[in-house]
């Protein structure tokens, strides 16, 4: 009996996620982007298991700035380190931190926004004023200051600093949606049924805004990858022994490297561009899908 | 409208206070204090303590904060220990470069974005529009520092059309015509790099605004009256869509700041962004905090200016 | 002790304005409403949209903040939000106007109907499913459909699912806020009859909010007519329909269509009289602001808003 009821559920009411995925597959460009992302992610995470990070980042003075060859597919940098290996590990690190920052800032921003929108009134007023203050801060500079001041510096602390200044956008978006959603009768009905505010927020209201959340988080992922590589480029991201895509690009701040040794920075530049573009493609396609679904619903 | 402006001004003040508190806390967290920059190995620890006491560095934090703020108001930002000079003097040396760079990039942004936005909106869904939309889609996904690097590589190094670093050719005397031309010449490529990326939001705004307005009833009415297509666009659509753009630059200041930090770093252009990066690398913290404060104040005041201009141009915003 | 008693209820909504966004004025949505309700009866609140009838219902159940006045339920003062404890939540339920928005589109019927059960009763999955099926059976919705989503049902079916949810905790009072006005006329009667059936079965009390006098006549024992936040007339159904006193009530009654052609002349004459009276003696019924006066008793059951005499 259990089995056939489950079947009814599945054929009759696809979840918002599966609707979004179906729309995504119809969109050629987005599908290609998604496949590209999955391949890249699988490739770098898989391959980095076999690569020895310590060995790759060890300085080898006999192989400084070597152009691409059989031994080093993409040559070496000023420390004689294999660029290809750094590219693989760097992509992995950039992706990982992008995802981590997106999740941390997303979860905090969603909670903040949904609380603000759901309770409204004075709570909302106070919370929104705080966001207004955060929005006008020159956040890039402040992140740099915090990064340079943190003594115990790790992936987690780096992500937390970045997330601390990138949760406002999603919080605002979720807040305005929650503000609309709580006025709908189903949320009001839950109140009269004795459901607690916590359950109304997380079990009734949130499921109705999942597609917005998925779309926003995807687009945020793209900008966080960009932000991380930008910080690493300026020298305020990972230390050199933990390469990211931005680290490879930062070598191009040396005019000699930029002018004569394209193999060090160009692959990383292209890879960042492709990654950000693909993530955006997927995000935009999801957004279109979500909109269409709302029109139909 | 006055109500809106007054209310907006009332929000600005606490924003500035919040910024100053944040910067003050940052300054307190940083190692060293105002005296670290002056340390002379011959001074004994007792003398140093005496000096601290005299400068009020042992006072409770709120008195220190009050002293610091009153210094700020008088334009005293402290001492740079690297350059052994007043931070105010140091920054005013660099500030003109950054203002020049920002002005160049804003001018380029408007010169490029307005025609492209208008074409894209007026002939929407034409091949030309697809090209422009495609460009802005790419531009959105491109981090500015990568774009600036590529610009520098192509036009600076490969083609050699533009200088690759600095803000002026060495050996030119300040005040001469050549000096100013050289300054402008040095700002062109970095300014263009910022502009080509920052145009995308303006293009998209203009396009969607024009496409929206096109379908409004008053445009249909104008057409029905027999107004020529050009007249409809020039008199009715563009005027409505372009005015708000004039107000956007204030909001752009925040992104312009990040832009200049990256671009000044790529082009080794001695502006405030590069000064910030150098100072933080060399742990010259009084300069760092001053710059954060200045950049922050610039974005707050920029947003204020934009809001006010927009409330004058666009009555809709006043209602909220 | 009456079952539900509302004393001089006021619900004001602030109008914000000025530089500091202070409250500059109020909208008096409900302005001094009092009534009593006996168990097992149906009490009708009638008025045009914006008359404050829904706000009254929502204030009783706690969806709106009460500005002043008191609400007693079974003798207990439940005016304050904090006083609306678990028992009250259980005993008083609401049926919403719009069956399309009052059911969460992301939830299955099982989850929707079980929501109150999960809040108040600890049931195992099996028991819960059984209870939900029983409830669906009561409201004549196929018990196989517990895994369906709201959009798979028609408006009438959805409204009955809403009713199943409202009666899940065996409440004593149900506030029905225009329960049929979003439905097709053909379905309206069906849902109304059904509401009357379960009223007898479960000994329910209804506070029935509607703009439709015809529906109210069919359903209610006592009726109040609201206009701009105040009562204009209050009485038994018989009082209101056979002996309307206030011009507003008369106009509402005159507007009810009568399909019997034999009554056409009588109806026409009645309408003419009402229109004439409205033109000539508007001032006797409304004060300078166009609001109704305080209520005056004209019989044991019947009260009308008229200026105080003498």
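By written order: A, B and C. Residues from 1 in each chain.
Following the convention adopted for this analysis, contacts are C-beta pairs under 8 Å (C-beta built on N, C-alpha and C of every residue); 3 or more make two chains touch, one makes a residue touch a chain.
Bear in mind the structure is a predicted one, so any value in this text is a computation, not a measurement.
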Worksheet item: Going by C-alpha centres, which chain is most central here?
Response: A
Worksheet entry | Longest centre-to-centre distance from chain C, chain (CA-based) | B
Item to complete: By the contact definition above, name the pair with the higher C-beta contact count: A-C or A-B.
Response: A-B
Discussion item. How many angstrom lie between the centres of chain B and chain C, each centre taken as the mean Cα position?
Written reply: 58
Worksheet item: Could you state the distance in Å from the CA-based centre of chain A to that of chain C?
Response: 50
Discussion item. Could you work out how far the Cα centre of chain A sits from that of chain B, in whole Å?
Written reply: 25
Worksheet item: Of all residues in chain C, which touch chain A in the complex?
Response: 61-63, 86, 89-90, 92-94, 96-98, 101-108, 115-116, 119-120, 147-149, 151-152, 162, 165
Fill in: Complex contact set, residues of chain A against chain B
129, 132-133, 136-138, 140-142, 144-145, 148-149, 222, 226, 229-230, 233-235, 249, 252-253, 255, 258-259, 262, 265, 269, 272-273, 276-277, 280
Worksheet item: Along chain A, where are the residues that touch chain C in the complex?
Response: 5, 8-9, 12-13, 16, 184-186, 188-196, 199, 204, 207-208, 297
Worksheet item: If you look only at chain B, which of its residues touch chain A in the complex?
Response: 11, 14-15, 18-19, 22, 26, 29-30, 137-138, 140-146, 149-150, 152-153, 157, 164-165, 254, 257-258, 261-262, 265-266, 276-277, 280-281, 288, 291-292, 295-296, 298-300, 303
